[in-house]
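The structures come next, written out as structure tokens.
There are two complexes below, and they share chain A, which is joined by chain B in the first and by chain C in the second.
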Partner chain A sequence: MFTESWHSVGPTLDECIKCNICTSYCPVSAVTDLFPGPKYVGPQAQRFRENGQPQSPDHSVDYCSGCRVCNEVCPTGVKIAEINARARAQIVAEEGIPLRNRLLGRNETLGKVGSVAPALANFSLHNSFSRVMAEKVMGIAREAPLPHWSTTGTFGDWFKKTQSVRLKSDKKVVYYHGCATMYYEPFVGKAAVAVFEHNGYEVLVPPQNCCGLPLLSNGEFGAAEGYHQNNINKLLVYAQAGLDIVGTSTSCTLTLKEEAPELLDMHSENVHAITMATWDIFEWLRERHGLGELKTDFSEMNMVLPYHAPCQYRAHRIGKPARDILVLIPGIDLRESQARCCGIAGTYGYKKEKYQIAMDVGAELFNFVADQGEAVEMTACDSETCRWQLEHGTDLPSRHPIEILAAAYGLYDLDKRDLVNR
Partner chain B sequence: MSDLLVIGAGLSGLMAAYTAVKAGLSVNVVAKGLGSMHWSAATIDVLGYSPAQPETAVKRPLEQIPALIKANPQHPYALLTNEHIAQALAAFVALSKDVGVPYGGAANPGDNLLLPSPAGAARPAYLAPKGQLAGDLSRSEPMLIVGFEGLRDFFPELIAENLNKLGYSARAAFLPLKLATNRRDFTNVQLAQGMDSKEQRALLGPALKKLLRPGERIGLPAILGIKAHATVLAELERETGAPVFEIPTLPPSVPGVRLYTALRSYLQNLGVNLTAGMEVIHASAVAPNGTPGSIQWVESATSSRPLKLLADKFLLATGGILGGGFNSEMNGRVWETIFDLPLTVPQNRADWFQVRFISPEGHPVFSGGVTVNKAFQPTAGEQPIYGNLWAAGNLLGHCDTIQERSMEGIAIATGVAAAQALSS
Partner chain C sequence: MHKLETEVLVIGGGATGTGVAWDASLRGFKVILVERRDLTHGTSGRYHGLLHSGGRYAVKDPHGAAECIAENQILRVTHAHCIEDTSGFFVVLPEDEGDYPDKFKAGCDAVGIPCTEISVAEALRREPLLNPRISRVFEVPDGSSDSFLAAHATAQAARNAGAQILTYHEVTNLIMTGGESDRRVAGAMIRNVVTGEEMEIHADITVNAAGAWTGKLAAMAGIQVTIMPSKGTMVAMNHRLVNTVVNRCKMPSDGDIIVPSHTVCVIGTTSVNVPEPEPLRIEPWEVNKMLEEGDKMVPGFAQARVLRAWAGVRPLFQDTYTSGKGRDVTRKLALLDHQEREGVGGFLTITGGKWTTFRLMAEATVDDVCRHLGTERPCTTATTPVPGAEQGNYWLGHRLHDIEEQHLQGQLVCECELVTRTMVENAARRNPLLTLDDLRRDVRLGKGPCQGGFCTYRGVGILHEMKKAGSWEVDMSDEAGSTAKWDVAYLQSPGHNLVSDADGHQSNQHPANTADSFNPNLLLRDFLQERWKGVTPILWGRQLKQERLDELIYMSVMNVDHLPDKELASPVTDFYRFDTRPTVEEVADV
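== the complex of A and B ==
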């Protein structure tokens, strides 16, 4: 019997039986004529991209958001989204990268630059004049929900500053925070550290860099390979020591596990070691719970909580672990969204020509949240860009499930988005 | 961890999940992708042609089953009494009403319907969604078959001509595509979603009325809404004053999508988590000497380490060679992909097919499958192979569901029966 799926990306197109189930479920082709749908740009067009074909036959593949609904529903296991991502990389290789995509692909650099003087950076980015200019010059949609740099220091600053009070333990876990937690949402990292420590784990935060996903989804494969190799170099000793590498960003953990190795054809033993050591935080917590090791000393929460599992879980193929844990908390009336995608799809919805498509795709989710009634005060989703889109589309605050869990442990204030001082 | 893990999200898997959850079990469903229902006409075929008389449509299927079993004592229907089958079908009809996609049968209870196929053939089916019932060819009204200019894969002239050849009165007409959609490119499912909006379908009724001659009924491609399907159908009948029916199209099939979507969300509300995109790739079993083995867990492929799926009991409903429950190699080897259960499928490629493509005997590769006992447990000889594994649906061997037109009947009857057996 097999221990892993025997398909790699390329040959899976031969499995296509042309049933069009993928096209029927693709949220992008549902709202725009600019995108004919997964079957056409994926397994069909791919036939014409083989063997050094100089020009891609189908530029509409750039409208694929990478949500992977198609992969999930395909009955025969065609890796459509990955075929599309490779096709986009081929177009980039042929035609170069627009400045905007170069910028959006460099979340980490942006994060670092902005964090030098975050208040100023927030002002320069978020005033309406610069948003109009950004749209005109670079094609970044002026309405799109760009993040704010943290004005209270980065996650790294906080972690260093609080070293003396951090838990020391034989049980250790490596935390992969990703760029969004580092520069924009340090509170997500604080909540994660609090939950780890509450369950008796010492948290290690070794040097790490951007996972490279924004580069991959913008087709910059060369740069992404460098990022991934750096992470391998930095994290390998921990994986080899048998420690779990756990992340709060569903897209970063996916990239470390599979996205980078598969798209970049990186298949060394070391790359594989990182794949096998990496966990999404709720996947990891669910595993602890299965072993009877998760603390369940929750306080009653008393809230109606619409929860949207981000598209990346679809690619993780681990079900919905955050749902599986959140339902354990007494008093949470969890309303699970069945919407296909929030629309933002990483950096997709920031692009001027795709902003409206992203909002139309997200309507399914926004309407679902609206249908849950007046009692709803916030929503939850594991992925940062999805949360920003959810807030943009619903006018309600959105939280990472780890913030909710930390609050249920009594460690975190959901309104202030900070640890409770005890 | 659940009481029961169903592997496969086709009709038999979902009927089994429904039956088990009603019996008080906690149930999860995992599937590699979304399958069979999306490419089926969504009719419930119990027995359309009996192998003894492959050219003549069966008139009263349940009455024919005893003869079928006599000729083929290992047929899956032989594991059940006729009452069991009738009860399972009745349970499906009741469920179809509860989920909002009601089904019905022929005017004379127990008869097969005869429904126009997208090629204009007369197709026997035991039950059909309400939207297809007015197409029953035992009714006398002449048919107006209406298509849309430029709509792929639906040819009113072909349908009408073939129906006329069979002695049923029908004529073809076209409407401009813009009455169905403003889109440049679309699938039937997207057309149907468009019809959910009142603005999109506003012009359709009056246009149809213009084409209609007195006494006719109207046949349309199956794109009449998804969520608002019942309303769309009622509106069109009211505005035209004529019975309206859908003819299922090539995949993806809107009636199948409706049924799947409705069943899925109904089950979700009963607490059944259905996760697609999860391919089960491995089973861990223990087999102490002399006793049947036991499945401890199965594993599905993830982006990293395989995911352990724990349950007390497992039900395999992954379909056969068509549904993807079996895989094959060029040399003809065919195997069941998860538990490597013994199959009756010929293992030599030369033995897979008859010489003639359209062969009345059917092709052996389609009639092979898993052998189960009366409790729907896969067996080797007399013994169940695993004490906590059951199987149902189209992976069962000893029948050619394509030739017999018995696919959904077997899916429902065996899905329900297997779930009852494992719940008791």
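== the complex of A and C ==
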């Protein structure tokens, strides 16, 4: 597995000059000795790995949360997080994958199954007995902020139901909703559709599936490849037609853009077409604003809003477009977090042995929010798992910036988390 | 003057010398080995680490090939922990097609080298970076060896059998007796290069195993032994691009072997006749040639990060010196009985050969020692594993595995090569140590990507602390048994070095012979210079970036250019200096 990766990730280990900047920034190694740091498990340990060794030489790489802060700060361009993801995949290939990680990697399947009877599913999962059992049997931390299935139908249900009233236009955009919006937070999708339409775009929601990120983070590369290939098949025609594929889940868009092709060594023309067509929603909106096409008919929003740009968002290397747009809204006192990570890192903080690490990592962010004073009623963050972690760590509601923007347009109720009926 | 008596005096602490000491002491002889620097300071510590299957010589030198495969199989047992079982490929590149591959296969079959032709697809599956345009692949039992550890283990086996191993002891002259007709070598005058103390070692028989310095030593007995020093330059890459030894299936020539060696892979070699074994200068064309040739076997090789370049000297023996090219001179072992050749008794020279056949060379030598001393004692080295062999073959990830199992991440001194603090402390106490370069050979300190950038100051700091605490002396004693604690079998294994040897160590046991020249500033300067020397020939790209960081650490933060004690020098300080004399070509240009 390692040497095949020569062309994208492998050679970057040669860039490491051992400077330790990654280790000094790593939010995980700062709070636990179980993780010896990105340099150690990344470019350093990589020199000791090869296929078919008598024993898997290392396991501490499993404590890498995949937040990619290391990549962000590396002065020489080592793809540390990817080296780590591949090393974990190698361990999985050799030693198999625990049931828990198999489950956590299959967000889409979980979403589908739970959505059959969401109230029952919520009750079955979210009672203290089940959580204790889930911890004991599977190692899913009992306190971890697991999501609730939507009891008012999935995003797909809503979109289909409202098809007749959806805007038709020559300007079209493809919406990639991701699993969380589909099954847990359809309101994020509604807000996104409202913002697209408010700006004159017709929204297309073609069939799509999980981006595969949870599988990638849990080392199941084979299954992730299947997911990504499906998405290519389903979305290619839109990309080829010159349409933008825009997502509200920043980790999904990163996976489509970069993570999947890079980690899975998928470099075909079709894969590249999807890479080039994919946008994070605020990246796309900021582009529209730059062209003078974004409506700015905002109503005044008097609020102090701590905003955390998640690690996965920073990994896009596009600056902080959500901040750039939110500050256009009159009355918003945006307080930008400089915290490295909220700790949850996708499915990392759900794992029993990593829950406390995730909370300790998040402390930097939780403290930042607390420091913003009593006036704070909610926080904002682009990534769903990070929002759940933020809510868990601060006891304040957290919203996707697109919800804030939709509210500023007067289209959305931030408390009810639903569109305003007009 | 101090005098020692022995039956066999071995001169030279490389693979051959330690092998002779091991063999002779197992046969019950009283043995002293002297080495002017650290073990394997010469050619044994400067080769690419290939454990030959014999394939390389299957066409050209069937006798040598047969020796290789026999020794290969013996060393896999006696020195198991010094060998990585990498296997080896002989690949046929488009430009190498012709009748050689069939001759090669026939040659291997003829001398009993297990050789299987495998499909190109299978070879590419195992080594994905191999040139996909190869047409045929043969697999042979090549391996990768750790010659530093092997020499230590062999020396330890010799010690356990009663031999004395004296490093940093230099021969200043041979002791000659008799007249014109019955001249004899009766031992040697030795100087402890650390304390300057002189002594005489009287021996019944003296074995010259001085490698590239064999001719110089023989000259002290008035004997001419023509050693043609042939320089071989090798280049190490930052990580393993292949995990199998890769040879080109053609007549041996420059740059046609890539050997995975611990965390790096080494491409070798050039073959250039040089007038002297020291100093050796690496010419730019040599590095370019290695990268160019490497790129043929592994496309992209030349773009990967180069770590370091170094050169060793093959001690090629020729009865009469001709201007023949290095590769045409025999690689066979040469055992010279100077009684028969020149009428000088008590003196044998063993030279030629290669690392893989060092045990055989020792066996032949000690057989002759027996004959001279009028005794018959069978050789047992082929069936006697050296200390540590019970660990089995080493494997690439074993250090990482140990560090992880024992949670030693916080103990790392050299992060690149995963050397723990206890490994450094134990190595310092178990093995006479004068420079950090000795530690590099013992535990791989400073061998990784940063080339000592982060571990040099840590290593010096630890030794300084140990010195101040009195828990360590550089023991240069020549008393028999003085280094009974020398146990290097597990020197390189983090998991076997969880406890420091500090307890029970008695310092100042031999006050007269401890090195009082220890100076942390000198230690630091020497090692920086040593590492810098090997990086200079490849100073571009990513290693240049690394060296810039290292330069900032040492020049800007630590100001090492202006450390005190500038006048101090160790016995090897000179060796680390650059050879700045103009080349023949440069002289011609002027």
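We adopt the following convention: the second predicted complex is superposed on the first by the 408 of 422 C-alpha atoms of A that agree within 3 Å, B and C clash if a C-alpha of one lies under 4 Å from a C-alpha of the other, contacts with A are read in each partner's own complex, and residues count from 1 in each chain.
Just so it is clear, a residue touches a chain if its C-beta (ideal position, glycine included) is under 8 Å from a C-beta of that chain, and two chains touch if they have at least 3 such contacts.
Nothing here was measured: the structure is a model prediction, and the numbers come from that model.
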Q. Can A:Gln44 be said to touch chain B (first), chain C (second), both, or neither?
A. second
Q: Figure out whether A:His316 sits in contact with chain B (first) or chain C (second), or with both, or with neither.
A: first
Q.
Between chain B and chain C, which one contacts more residues of chain A in the superposed model?
A. B
Q: Figure out whether A:Val73 sits in contact with chain B (first) or chain C (second), or with both, or with neither.
A: first
**Q.** First (chain B), second (chain C), both or neither touched by A:Met276
**A.** first
(Q) For A:Cys19 in the superposed arrangement: first (chain B), second (chain C), both or neither? (A) both
(Q) Quick check on the superposed pair: does A:Pro57 touch chain B, chain C, both, or neither? Answer first, second, both or neither. (A) second
Q.
Once chain A of both complexes is superposed, is A:Pro36 in touch with chain B (first), chain C (second), both, or neither?
A. both
Q) Where on chain A do the contacts with chain B and the contacts with chain C coincide? A) 3-4, 19, 33, 36, 76
Q.
Going by the contact rule set out above, which residues of chain B touch chain A in the complex?
A. 1, 32-36, 38-39, 183-185, 187-190, 193, 251-252, 257, 265, 268, 273, 275-279, 281-283, 300-307, 310, 323-324, 340
Q) Hey, which residues of chain C end up touching chain A in the complex? A) 127-129, 238-241, 243, 263-264, 300, 303-305, 395-401, 403-404, 407, 409-410, 415-416, 418, 448-450, 453-454, 542, 545-546, 549
Q.
With touch defined as at the start, can you tell me which chain A residues reach chain C in the complex?
A. 3-4, 6, 11, 13-19, 33, 36, 39-40, 44-51, 53-60, 76
Q. Which positions of chain A touch chain B when the two form their complex?
A. 1-5, 19-21, 23-25, 29-30, 33, 36-37, 68, 71-77, 254, 257-259, 275-276, 278-279, 290, 314-320, 336, 338
